Each structure stands twice: as C-alpha cells, then as structure tokens.
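Structure provided below as structure tokens; questions to follow.
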Amino acid sequence: MSMDLIIEAKDVAKWYGAFQVLKDINLTVRKGERIVVCGPSGSGKSTLIRCFNRLEAHQQGEIIVNGITLHDKMRNVAEVRKNVGMVFQHFNLFPHMTVLMNCMVGPMWIKGLSAAEAEKTALRFLERVRIPEQANKYPVQLSGGQQQRVAIARSLCMEPAIMLFDEPTSALDPEMVSEVLDTMTSLAKDGMTMVCVTHEMGFARAVADRVIFMNSGQIVEEGNPQAFFTNPKHERTRLFLSQILKH
Amino acid sequence: MSMDLIIEAKDVAKWYGAFQVLKDINLTVRKGERIVVCGPSGSGKSTLIRCFNRLEAHQQGEIIVNGITLHDKMRNVAEVRKNVGMVFQHFNLFPHMTVLMNCMVGPMWIKGLSAAEAEKTALRFLERVRIPEQANKYPVQLSGGQQQRVAIARSLCMEPAIMLFDEPTSALDPEMVSEVLDTMTSLAKDGMTMVCVTHEMGFARAVADRVIFMNSGQIVEEGNPQAFFTNPKHERTRLFLSQILKH
Amino acid sequence: MLYPDTVEAEVLVHKPWFVAMMFAIILAVFLAFNLTGTVMGELMRPVIGDPLQSGLYGRFAVAFVVAVIFSLNVVLIGFAPLKVQVAIVWLELLGLFLAFFETFHLSLPFIWQKLPFLITQGAVTTLYVSAISIVIASVIAILGAVAKLSTNGFAYAIASFYTSFFRGLPLLMQVYLIYLGLPQLGFVIDAVPAGILALSLCYGAYMTEIFRSGIQSIDRGQWEASRSIGFGFGITMRRIILPQALPVIIPPTGNQFISMLKDSSLVSVIGVWELMFLARTLGQKTFQHMEMLISTAMIYWIMSICLELIQSRIERHYARSKVR
Amino acid sequence: MLYPDTVEAEVLVHKPWFVAMMFAIILAVFLAFNLTGTVMGELMRPVIGDPLQSGLYGRFAVAFVVAVIFSLNVVLIGFAPLKVQVAIVWLELLGLFLAFFETFHLSLPFIWQKLPFLITQGAVTTLYVSAISIVIASVIAILGAVAKLSTNGFAYAIASFYTSFFRGLPLLMQVYLIYLGLPQLGFVIDAVPAGILALSLCYGAYMTEIFRSGIQSIDRGQWEASRSIGFGFGITMRRIILPQALPVIIPPTGNQFISMLKDSSLVSVIGVWELMFLARTLGQKTFQHMEMLISTAMIYWIMSICLELIQSRIERHYARSKVR
Amino acid sequence: GAVLDRVLAAKTLKVATDANWAPQSFMNDKNELDGFDVDVAKDIGKRLGVSVEFVTPGWDIITAGNWSGRWDMHVGSMTPTKARAEIFDFPGIYYYTPAAVAVHKDSKAATLADLNDKAVGTTATSTFEAYAKQDLTLDAAGAPAFKYEFKPKDVKSYSNSTTAFDDLRLGDGTRLDAVVSSLPSIIDAEKAGYPIKQLGEPVFYEPLAVATEHGDAEFDAKISEAVKDMQSDGTLSKLSVKWYGVDYTVVK
C-alpha cells in the first residue's frame, strides 16, 4: 500500500443492536485529500466519520488512521485523536469556558504550550473564522453561526493532520459558509487531509477531490466531483442529486 | 389598516444591555403570506421572529399578532402562542418523551383533544415529514435530520395560524429539505402564514411571497423574490447574494 | 431564577380580590383561635374591656385588628422594590420567631454569661470537626463517584458497598463502631479523630451519590468533544465534566455541609465537647436548658447562614457562563 | 455509567506489575501490624509454632499468607464477568464486616429473642414516621423551590427564610420547639404528629434546595419550546421541567430519604418508640446494648438497601430517554 | 496491675463521668465539671496521690466496656447490677439515691396510691422506669428492700429526665400526671422553678458505685480502701450534705 495513505477502512461493519449502520465500508484517503461525504439522513455518514477517531467502535473490518490500527485494546487512542480534529454537528463547545479558553485548552493541555502561546494560536484561528472580537464571551452568548465558527477554530487550534467535519456549515449563513469554506480550502493547501460530511454541493464541486455517496450504511458511489455530478452511475444517486438541484 | 394583516411590527426596537439588536423594524405580514428572512449571522433574524410570539420582549414600538397587541402586561400571551407555531434552530424537543408524545402533548393539553385523537393528529403530521416509523423512539435516538423533522411535526400538530421557522432545514440533508419545503408549501396553500428564517435561496425563490434582508438589526431591503434576486437595490444585499451564488 | 416569561405578572397583592380573600382567611383563622387571652387581647383592653370577659365580641375585635394589620402590611410591602420586600419580610418573620421564643421566658443574663464559652469551646470544635470532615468527604466522594460509574467490577463493587453500608448504618452506630471496634483490631483511636473519621466516611457516602448524579447529568457531547481533542480521562473529568457538574452538585452539597454542622454533634457521645454537648450540659444544673438550646440553635443558624452565603457566591460564580 | 470510551482498558488486576505491587503493599501493611495474636496466627500454628512466641518469623509468615490469599483472590475474581465480580466482592466485604462484628462477641440468642419486637414496634414506627414525613417534605420542597426561584418578593422571602431557618436549626431543636413550644401557643400536639411535623419541615427545607438546583439545571430551550406551544407555567413545570429535572433530583433525594430513616430517631427524645429508641433501651437492662445496636444497624441497612433498589429502578426508568 | 501502674506512672487518674446529671456531675458556672460524683472522684485521686482528669463519653460508650485504656475508672452513679458485674468490678458503693415521685403543683393526688391508673413519665431504661412498670429487680449487693406503692396505667419513657419534667410542667394531666425520678433531680427542678412537688416518701433506694474494668485487683483494692476511708472519716457524708443537703451515704 502506498505510503501516503492516511485513512484506510477495510470491510468495516457496525451494528447498533440488531440494526446495521455501516455495511462493507471500504475507503482510503490519501494525505492532503479532501473528501466530501453526502447522502440521505440516517444513512450513517456521521457514524462513519466518528469511527475515524474512534468515538464509535466498529465491530468488523479494520480502520487504520495515520498508521495506527484502531481496535478495542489500543493504548494510543489519544495519539490518534490528537491528530484528528473533529467539528460536530451540534458544536459541543465547552459551555463553562470563554470562547478563547475553548480554543486554548487543547494546545495547552495536550501539546503543553504556555498560556501566552496558546492564546496567540487561539486568536490566530479565531481571526481566520472572523470572530476574534467574541473571544471573551461565553458560548451561550453567541448566535448559532458564531458558535459553529468557534467549534471550527477550536479544532484548528490543535493543528491536526486530519480534520473531520460533521456538517460544519449547517448552522451558518451563506456568507459565513463561504468564509469557512475558504478557510478549509486554504488548510487543504497546507496539506491537511479532510473528510467532510456536508450537503453543500457547491463546496463539493469546488473543493472536493472525491465525493462519496452513502445510502443506508453503504458507500453507493464514489468518484471525482465532475463525474459524480454530471454522470452519476446509480439510480439512488441520481434521485438524490435531482432533489438537490431542484431548488 | 386592512383586515387581513396578521402580523404588524411598527418601529420595533430592542436592546440587549447596551447592544441594539433590532432597530426601527417595520413589517406587516398578511394572512397566508410566506415571508423569508435572510441576512448575515448575528443580524437579529432569530431575535425578530422570537419577538412575534413574545419569547423575547421588545422595548420600543408595537407588535400586533393576530389582532392582539404584545406588551408587558398582557394576559392572553398563551392565546397568541397557541396560534403561532415555532420551529427552533436547535430543535428543543422534549427529551423525556417519545417522538409521538412530543407531538401529542400540544393538542392534548392545550386543545383538550383525547389521547386517541391527538395520536391520530400526531401520526398524520409525522407522516407528512416522513418519519412515522420513528414514533416510539426518544429524540436522542434520532439523527439530526430526523430530530428537526419531529420539531416541525410538533409545531404543525397545533395547527397554528402562523408558523415561525428558525432555520428549519439547516440540519437536513438536501432530500429532506425539499420534502419539508414541499410540506411547507402545501401548508401555505391551506392559508397558513409563514415567517421563515432560512438561507435556502432556492426555497425563497420558489415559495416566498416576499424576501426580507436584515443586516445588523435593520431591515435593509425587502421585495418579491424576483426583484430581490435579480435586481437587489442595496450594496450589502448584492454582496450577500454574490457570496451565496459563488458556490 | 427561573427563566422568566416575557410577560410581567401583575402584583398579586394589589389585586382587590386577593387582598379581600387574604383578609377573610385571616379573620376566620383568628376567630377560630381565641387570642383574647394573649398580649393582643391585653393591648385591646381599652376597646373590648377585660379581655377574658369580652366573649365573642372581643374575639372578633382582636381578629379584625390582626387581619387589618396583616393585610395592610402585605399591601404596603407590595409597593416596595424586590430587595426591600425580601428584607422586610425576613425581618418580620425573624421578629415573629423571636416573639415565639419569648414565650419560653428565657433568662438573657444567663445566655450572655455562657455565650463566650459556647462559642470558644463549642462552636469552634464543631466548626473544625465539620470542616476537616467535609474536606475528606469531598475527596472520598469524587473517587467514589468515579468508581461507581466505572465499568471496573472491583471499583464498582467496593464503591457501591461503601455507599450502601455507610449510608445504611446510622451515623451514631458508625461512631460506635470506629470508636469501640477499632481498638479491638489493635488501633486505639482518640475521640476527635474517631469522630472525624466517622463523619467523613458517612458523608463521603452521601456525597458520592450527589457527585455521581452531577457527573451523569453532563451531556455526552461534552465527553465526545473532549475526547476528540485528545484529552484523557483525567483531564476530561477534572477540567470539562466536574466544572460543568458543579452547578448541579453545589446545592445538595451545601445541604450536606449544613447538616454536617448539626450531625457533628453525634461525636459528643464519645466525649467531644462540641456545641450541642455544651448546650445540653451547661443549662442542665439550673434547668435553663431551653436558654442554652435556643442560643445554640441561633449559633448553628448563624453558621449555616454563612455557609449559605458562601454557597450562593459560588453558585453565582458558576452561573456566569449561563447568563446571556 | 459514565459514557465509556470505545477503547477497552486492559484488566488491571491481570497486569503483572499491578499484582506484584498489590502483593508487596499488603505484605508491608501486615508486617507493620502484628497479626500473630489473632485468629490468623492461631490458624498458622502448625507452621509457626506458638503464635505469640513466633517473633518476626511468625509475623512474616502470617503476612505472607494473607498477601498470597488476597492477591490470588483478586486475580481470580478478575476473570469473572462483571456482575459476578460485583457479587463476589460484595459478599467478601460483607463477610469481613460480619467477622468484624464478631469481635464484639455478640449473644445471638438474645438478638433472636428481641428481633420480632424491634421490627414490629421499632422498624414499623420508624418507617411510617419517615414515609409520611418524606411525602409532606416533597410537597413542601416543590412549592419551596418554585417560590425560591420566583420573582415574587413575598414568595422568595418566605421560602428563603424557611430554608435558612429550618436547615440552620438542629432538628432536635425543631422537635423541642414544636413539641414544647406549640403548647405554649395553645396547641397541645402529640409526640408522633410533632415528630412528623418537625421532620417534614426540616427535610422540606433541605429538599427545597435540591429541587431548586434540579429545576435550574434544565436548559432554557425547554422553557422556550414549552412556551411556544402555549403551555402555561403549571403545565411547563409539571410536565416538561420537573420530569426532566428528576434524574438530577433523585440521587440527592434518595440521600435524604435514607438519612431521614436515621434522623427520625430524634423523635425518641419525645418518647416515640422507634427503632433507635428500642435499640438503646432493650439491651440496657441486661447490658446487651451492643447486640441491639448492631441488629438495629442491620435493620436500618436493610431498609436503606430497599430504598436504594427503589431509587435505582426509578433512575433506570428516567434514563430510558437518554439511552441511544 | 496494669491500670494501677499506668495511673501511678502518669500521675493522673482518668475518670469517666457524665456531664449532664446534676447535681452528681455537671458543668458549673466556671464551665468546669463539678458535683458530687466529681468531688468523690477527686477525693479518690487525692488518696491515691494522683491528679484527676475527667472525660465525658456517652453512657452507651462507657457501659460497652472495652475501655482500651482511654480512662481508668468510672464515677458516675452506676448501679452495680449482676449483669454489669460481668464486665465491671464495683470496688466501692459510695452512696444511695432515693427515687421519688414528682407531681404538678396543682395535682390533687395526696398519696402515692392516688397515682393508680394515671400517666407517669420516666427515663428510658432507668430503674425508675422499671419501678413504674413494677419490674424492678435491685440485685446489687447492699440494696435495701422496697415495695410498689402504685400502679400507673401508662408509663411514658423519655431519653432524659428533663424532657419528662418539661412535659409535667405543661399542667397537671396535660401530658403527664407524675414523674418518677431521682429525688435530687426532683428537688433541683423544683428549685429551678418548675411547678412541681415531691409526693410521699422516696419509693426505693438504689446503691451507686465506682466501676472499673475487670483485671486489676490491686487497683480495685486501692479504690475500695479509699472509698472506705472516705466513709469512715466522714468525707462522703460531708460531700453529700454539700451537694444534696442531706446525707445519702447511708440508707434511712
């Protein structure tokens, strides 16, 4: 296998009780690749990317992230997670800390940066998402969009090798979406690998190296955006795309 | 003033401490009208529609909803809210009740329907949002999109005269967006008035009677979608639209 | 404060029907209880003649006056701003209770004479025994809560046995067991350490449950966010979960602190001269134990008011991040 | 359970370094305490000769055997599934405690003879006094919590005075005040009602604080959703807020129930024959009160284990909606 | 024996007593322990040539035995019953308390027999309670004979005698008609202004002794000797008169 594979999933399967959420997932991601995952609600997109930093355990198959195989008895799960940033659908900011602290704690407690250095890093990324002026507010005092941007900044502060986004732009207004996507694009140029669950087809078209379409736990189709949008192979994908393009 | 005005806001202003969120808002909504509110994050869109069912108090000006003036000492605030459904950005489902119960409680405890009748109503609207099979799950067991649809169904169950949507489709995948928007369109045909904060420009173009653009607490521009999208009058609006159309 | 509705309620006590109802109820209550024999009757002597002879008329007159005074008082207070209202009502209630204590005909000089000893010996002992015990109990509680929530069989079994045993047995029994039982195993332990040990173990068990529920109340999204950054269990617990659990933990813990103050009196059975022990003994000889009990009660009350104030400051501190 | 990480920890007690460390610590501890004089020493007589004469060698031998047994036990238990582990550890701890009680040389026939009376008279009284008081206290607590969170000056002042006063004063004092003070106002009240009144008022005050914090812990989004449907204050509180607050409220309330069981013994000062009173009196005459105290402690423990089981069932019921 | 050696080596005699049992032992105005028992203990100490230190554990703790050297003897008006003799030695009986009956000032009872079928309050587990329930056995050495003077309908037991007096004070027959207690505490209550009075003669006399743990005969002998000396040289009588106004050290 080539050296620059950063995520490899082989025959991954996962069940919730009797319900199979993921079936036969085979996926490889190269360093610096930007992947967009889309698909209908409940198709297992969130579950899949949560397996990549082992917030969820898979029951069959193999997942290798950054050269480390994820399994039940691993010791270095923190090592994996340190290098895999995650932006949640529901933000999950730490409500008892200011925005600034939210961004500072990762670098401080994991990387051992001093408070001053961590603050500098934090402010840099808060500026990148255009909310440095909110640094001393508490999360609950921000609008939904502002909160989502803090969540992105918090992940970026750890300067991870891989970023997982779970619908990072869903609560943002269109202006902010494009700013955040710009940030993401520039990060991608720095060599950061990204897996992004999103329905922003515009973004997928513009930025993604590959688009993956999931349906009821399976990867139904994958391909470069051009092929994916203009010439979808599967009926299900075509239906999905037609719905999107309708409005 | 014409008889079929259902929401009237006159010179409304609102402050959070020293920060003015709403400035000189003048807006009238006729029965059956579908209004889309858009604008950048933090511009006061949520605050504005929350004033319409008095979840927020305004400090200046006058708001009349369904013929009832909203003020500090009103007795019939429940009367107003009963007729104004609201779908929140963060769903706010009742986590201790099943999906079905979430939809049944309004009709049962406010309108006095029997449990059987309420269940029938609830199932009808759950079908409309395409998740009748989730009726006996608890909210936390659903995906984000499913939760948002329950929130919409819960509001619809009260069959209110006015519906306020605060980014109701933000957590939905594109397929579901169009289904939900279809539902909303059909509701609009039944004569329901809607005020919808959304960035789904496709929806605005297709369904809205009027589009309102807000920026830092003010209504900057309003007009029919056609005029709004093709020929925006203000520089700010033009900028905003260019961002949207970029991706 | 509850999340208040945006609609202001009218001031209830200024609504005529409410005032009328209140007046009627009080009149009825005081008609039912004959007050003519009390100070009230004495004060009304000019109007009703000899209180004891005044019969139904006297009774009605007294009740009427009481009801008028009460209603007027309430209506007037209703005009004051919130803080003043609270202060006035507090003072009035305090006054009522002091008047109630008056009915015991307490000897004030005796109280003044014994007060210094009550405070320097009793209150100080009570305070330091409780303070040390609370600190130990809190440490036990955090460990216990984590153990009780863990998937480790040993930790869970030991922690659940511990909470069950030390909550299940009366504190007095635990004091006995430690004071009398440990010597049988070869450790002779003094009264004060034995008391502190018993209190810590017992309260540790109660507080384990409080901490457990606090930790459980935190949304799993917080765990996920913390883990996804790479924080281990220790940091997640100390920096993310516990600080957020504190608002939920503090009020019941405050309860425990306050009741610890009182429960520490159980160590008097092993001969520690704390506050309650002195209260019971100082007045015993001259049969002035009511004096002593009431002064002690007041000292306890003052101590717990201090704890309440501290608690409300801490709560305010943690509420910062919730204000919007 | 905590939200567990997806990574299984290795079984700690099967790691060689951990076992070795445990062994060393136990060896050291039992070398420090001389066990040769105990049953352990007696059992080792074949190996070490007369325990009391065996000196350092005997001491070491005993400590070694204890450490081996202990470590082996722990390692073996480590292989069992979780539930079995918990059960075994519980039984072992229970056995240890019973052995500890054995050192008091209790007379079992005496216990058997008195047990029926202890239960029919004492436990029953304790139970019904506590049960009634808890019900009243819960009602008071809900009202108190709402009042304390309200913006109404009167309600707030009265509720905060109430919680401060009845938490601040020792329960014993409240029992006295009600039992001896009320007659001075003209209400002669029996011992049991007086006890129940005092317990309800006191625990109502503590539980007010618990309910308050539970209600405050609910997200304001729930209030907004409830209001936007048109629910008034009553429905919102009863059907939306309180049910969600319950998981947070239940564990500290369970604490209160359990400690109420024990605190109800204070009513014995006014002559109610509850469990603790009997424990102290039954054995007094024949000088066997340790027997009585320990049996009583066991009865209390059994009662609180029942409460714990009920509590965990309720918690599980309310946790339903959190499982995903 | 071990205890005596310890006492002599430390030059202090640790005495357990009650702090809540006036006038035998209580907290005086100077907030120190004082009373008849306390004076007796101090005198014993003087005779042994050591200073005395008091500790005040609860009655349950004292009578549980297993003192573990925390204190050396108990001077707290303990009745030397047979059951207690299994755990303790009683090296010296130093006085006898008369038990008496108190009624409210307004009581119409003229003789003890008038209390038949009335409500009587006592201290739980005391000999007074046993007497009121007609269940008293004074199996102690040197206990004088007695007879039951009345048979109450209802015996209410309190955890201490003051609560019983408090109930009696509320009025004749409000909660209680009479209280059986020790004569000294009745007299004290009267002095403190309780509206009560003694009714009839004392109903029985209870011998009270110093207690030590088994196992040190030498120590017991020393104490026994000291108590005898105190009796013979009149110290005990003097102390009794000082605290009670009467000589309780002999049975009348």
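Chains: A, B, C, D and E, in written order; residue numbering restarts at 1 for each.
Here is the rule we use: contacts are C-beta pairs under 8 Å (C-beta built on N, C-alpha and C of every residue); 3 or more make two chains touch, one makes a residue touch a chain.
For clarity, every value in this text was computed on a predicted model and none was experimentally measured.
**Student:** Quick one: how many steps at least from chain A to chain E, stepping chain to touching chain?
**Tutor:** So the least number of steps between the two chains is 2.
**Student:** Go through the assembly and pull out the chains touching chain B as well as chain C.
**Tutor:** Neighbours common to chain B and chain C are A, D.
**Student:** I'd like the Å distance between the centres of chain D and chain E, where a centre is the mean of that chain's Cα atoms.
**Tutor:** Taking the mean C-alpha position of each chain, the two centres sit 37 Å apart.
**Student:** Taking each chain's centre as its mean C-alpha position, how far apart are chain B and chain E in Å?
**Tutor:** Each chain's C-alpha centroid was found; their separation is 83 Å.
**Student:** Roughly how far is chain A from chain B, going centre to centre by Cα mean, in whole Å?
**Tutor:** Their C-alpha centroids are separated by 29 Å.
**Student:** Roughly how far is chain A from chain D, going centre to centre by Cα mean, in whole Å?
**Tutor:** Distance between chain centres: 46 Å.
**Student:** In chain A, which residues are in touch with two or more of the other chains?
**Tutor:** Where chain A meets two or more other chains at a single residue, that happens at 55, 90.
**Student:** Where in chain E do residues touch two or more of the other chains?
**Tutor:** 60, 64
**Student:** Using the touch rule from the top of the page, what residues of chain D touch 2 or more other chains?
**Tutor:** Only 5, 180, 224, 227, 290, 293 qualify.
**Student:** Touching pairs of chains, all of them, please.
**Tutor:** All chain pairs meeting the touch criterion are A-B, A-C, A-D, B-C, B-D, C-D, C-E, D-E.
**Student:** In the complex of these two chains, what residues of chain A are touching chain C?
**Tutor:** Against chain C, the touching part of chain A is residues 53, 55, 78-79, 81-82, 84-86, 88, 90, 92-97, 105-106, 109-110, 138-141, 154-155, 158.
**Student:** What residues on chain D touch chain C, complex-wise?
**Tutor:** 1-5, 9, 12-13, 33-34, 74, 77-78, 80, 82, 85-90, 93-94, 97, 100, 103-104, 146, 149-154, 156-158, 160-161, 164-165, 167-173, 176-177, 180-181, 184-186, 206, 209-210, 212-217, 220, 223-224, 227, 233, 247-248, 250-252, 254-255, 258-259, 262, 265, 276, 290, 293-294, 296-297, 300-305, 308
**Student:** Given the complex with chain A, which residues does chain B contribute to the contact?
**Tutor:** Residues of chain B touching chain A: 38-42, 46, 89-90, 143-146, 167, 170-178, 181, 199-203, 205-206, 239-240, 243-244, 246-247.
**Student:** Could you list, by residue number, the parts of chain B that touch chain C in their complex?
**Tutor:** 54-57, 72-74, 77
**Student:** Which of the residues in chain C end up touching chain A in this complex?
**Tutor:** 221-222, 224-232, 235, 239-240, 243-244, 318, 320-324
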